[in-house]
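Across the two complexes that follow, subunit A remains constant while its partner is subunit B and subsequently subunit C.
Let's turn to the complex of A and B:
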């Protein structure tokens, strides 16, 4: 059973139109055929009754003078006068057959008197029976019976059915075409709205209004949508502003706290106290990195993120990042698989390191302890490719694009890992600003994060292309 | 068995209505039939200006069971709303002012005399072979065991009468 809600509005409109017209035309044709056939039957019955009357009148003397031959002669004439009459009979006042006629090749007539007990004409499926009294001097002296083969009626019926079916098909086609034409004024506009919504979701650009000049419900919907988008944009702007201010305001006291705690850490000798201070410092570092992330996002949003471009040795940077990450993890093993060269990259060293640290920290966070994280690099004519492979939970195919969005957290509720969901967003932004690419490949068991950076000699051409 | 019985039953039952006169049927039935025919003739004959008197008189010349049969009909039926009177021709003057003169086989008067006496306005009917040729308007004959009638158109028109087409189509026309 198809749910009506699952059918698209476009198809619903077409279905509605086509169904309505089929029903309406069906009823109209039905009534038309029924009245037509019944009026044909009425006319046929009337004409046959008249014929029976004529035969009756002509047979009065035959009955009175008991001359069945002359009555039979009259009936024989039916052969040419009314070929559709297959049986005819004249009975006398006692109801006995006085004269009869059967079309050649047919059995003799058996009067279905039970059919005509009280009526002058009766229709069966293929026949019409007519009975008409023969009256002389106000006395019924006999009856004329006729059996008419309704071949013409069958032909008429068939013809009408054919016409009705053809007309119905034509109506169907026309209503389909009309519906197709009309639906575009409804569903096309809705689909346009949906497309814009999808686009907004993808790009986060709320400021693009949908143009729809219609004054109907869809026009109203579009207007409401545009207003909503304006409001969302406004609140988004306020939120970004807030994040910017808040992260900035948080950073200052946090830096101060960190300084003091670091000093405490250096000064403290008591192992228990030193442990506590160490823990506090660890959490301060976490907090600091979160605030930094927030600040970065805020900068990205407001377009204030500036890159400090310089030439630097990428291989050295990778080694440094691995070393730094290795310190922070006790159990995981970070292995560099390639043979480091001395690749010089033009970019913001600090920001690229941020990306590397982020990806490595993710690899550690999302994979079980004591597993290996493998770092590999490759180079083609245009770009330097960095590959970070883990044996973690992997990324489902449908999430592989979304994980690079702001505040995106995995949909898998069984995974509880703290964070704002900003790391990959920032990574993507940094890599994009370097004219590189970042993506993930995952087969369910572990994932591989790639990012590329353009080689120095290709950078100038890429910049001009963009 | 049942159908066979029905067939015979139908045959026996239908015979009188077919006008078939088999050897077994007696004269009375023949007389009844002839009387009915005579009565039915009245429906197709137009007496025109000769339609006079308050009664419709049928004169029967000669002794015949037909008189009886006609009287039976006269008891229940009328001709043009007139009472039917059946009378035997005892004297030639009885033929005056009658509408139909039926000349039986037993009639003692010569035909020519009766025809002369009848004159215009009287429908003459006979039941002897050759009488129609000799001048009666209608004459009963038996053909193939069936009662039929001959019609002499000249006799009908010279009597100043008109016979309906429906009647004449059933008649054997003679000159």
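Let's turn to the complex of A and C:
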């Protein structure tokens, strides 16, 4: 069953208005029809009573002279005077039928005395019965009974019902149209608010207030929402500021530690000491990349990450990144499968290198016990496509979009991988800013990360489109 | 022997850089107070200046611009040095030759310096 809460406000408003107007119009039409019909009946009864009076007056002498034939003649005239009368009778003072009339083809009149005990007129479903006393010298000497077929009333009723139904339909259509116009005034504003909320959730841009000058409840809601967003933005700003300062303050001592340990590493000859220093250095590098990631994320969040765009040789950069990653791994071999050309790309060389290093280090990190990471490139008419393939733990289908989100860590708790879960988020942001795409393909074992960069000649048109 | 002037308000980093450069056969002068730069330039006549950007009380980019305005020091290359990698974008604005981000790899620091002294 559909719950009232599940119907959209838009439809609820329409439903409400249509329902109200149909009920109101229904009542109004009903009252009109009822009063109309009852006044018609009143008039009909009145005119039949006066007809009965005339018949009564005309038949006084017939009764007094005991002449039923002349009375019957009077009644026969009803055939032309009032064709809707199907039965008529005149009784004498003892209530016996004195003269009788039935429209041709009908049974003789049975006076429904029980209906007319004390009343001069009674309506049944299709007939009107009228009884009127015949008075002579202040004495009742008989009665005139009439039975009237109400065919006309039936027609009038039908006609009125038809008109009422047509008018109701028209009212329904009109109220629907009016409701449609009015609801848009209310629901449009609500939907605008909802749309902005969804957008904020998607883009993380809190700084866009919703414009609504209304002073009603929706206006209040919008104002409350805008205030809330201001507060969120302020706290975001403070958080970004903090991350920025913290990263900078972390980096300065890190520079000293790294430098001195590097020196120690150079000067040390004792193999055990050298091994220890090497371990320290490896961890310093990890710490350094974490701090860099934090700083990058705070920049992305505050919109301060800017690209330093230049032309550079992408194939060379890939080889450099492979060489640098190879130095840091003793377990894996990184193989480039294609034959490098000299593809010139327009972009931020350092940031693209960061993406490559990140994806390569992920490929190594997430394929323990394997030995090969394969790098391949392709090119179509629009894009340069870079492919990094490992034979590691893979990415489940339901996580393939989520892994590019901030602070996302794999749900597979059987492996422990260090890091904040910021690397792919940063990669996606960098690639998106280059008008490229980044995604992962994985079916159980191993994953293939792809990213694309627009070719130089397509870039000018793409940038104007964006 | 090429002469390098190193300016950094962090004394540990300052002596680290001094040590690295000396080990690699550079003649090094290291100062931590930015106010001493102009005197030191005259006295030491370096072949290259390695200049921290966020100095205590001064902006290395401004100092770099000033050095470029002086006839005497105009042609001495300056390499900016900062924990904020975004500073690398400003080297053209203040006529610096290059940029090294902190924390640095020893090899990349040396390569950058060597590239600008010969």
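By our rule, the second predicted complex is superposed on the first by the 252 of 466 C-alpha atoms of A that agree within 3 Å, B and C clash if a C-alpha of one lies under 4 Å from a C-alpha of the other, contacts with A are read in each partner's own complex, and residues count from 1 in each chain.
Assume a residue touches a chain if its C-beta (ideal position, glycine included) is under 8 Å from a C-beta of that chain, and two chains touch if they have at least 3 such contacts.
Since this is a predicted model, take the numbers as computed values, not measurements.
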Which superposed partner A:94 touches (first subunit B, second subunit C, both, neither): first
First (subunit B), second (subunit C), both or neither touched by A:68: first
Partner chain in contact with A:210 - subunit B first, subunit C second, else both or neither: neither
Which of subunit B and subunit C A:251 touches, first, second, both or neither: second
First, second, both or neither for A:260, with subunit B first and subunit C second: second
Contacts of A:164 with subunit B and subunit C, given as first, second, both or neither: neither
Partner chain in contact with A:324 - subunit B first, subunit C second, else both or neither: neither
Touching partner for A:60 - first (subunit B), second (subunit C), both, neither: first
Touched subunit A residues, subunit B compared with subunit C: C
Subunit A partner contacts - residues on subunit C that touch it in the complex: 10, 12-13, 16-17, 19-20, 54, 83-86, 88-89, 102-106
Residues of subunit A that touch subunit C when the two form their complex: 248, 251-256, 258-260, 262-263, 266, 284, 288, 292, 295, 299, 304, 306, 308, 350
Footprint of subunit B on subunit A - complex, ascending: 58, 60-62, 64-68, 70, 92, 94, 96, 98, 136-137
Residue ranges of subunit B touching subunit A (in the complex, touch as defined): 10, 13-14, 17-19, 33, 36-37, 40, 43-44, 146-149, 164, 166-167, 169-170
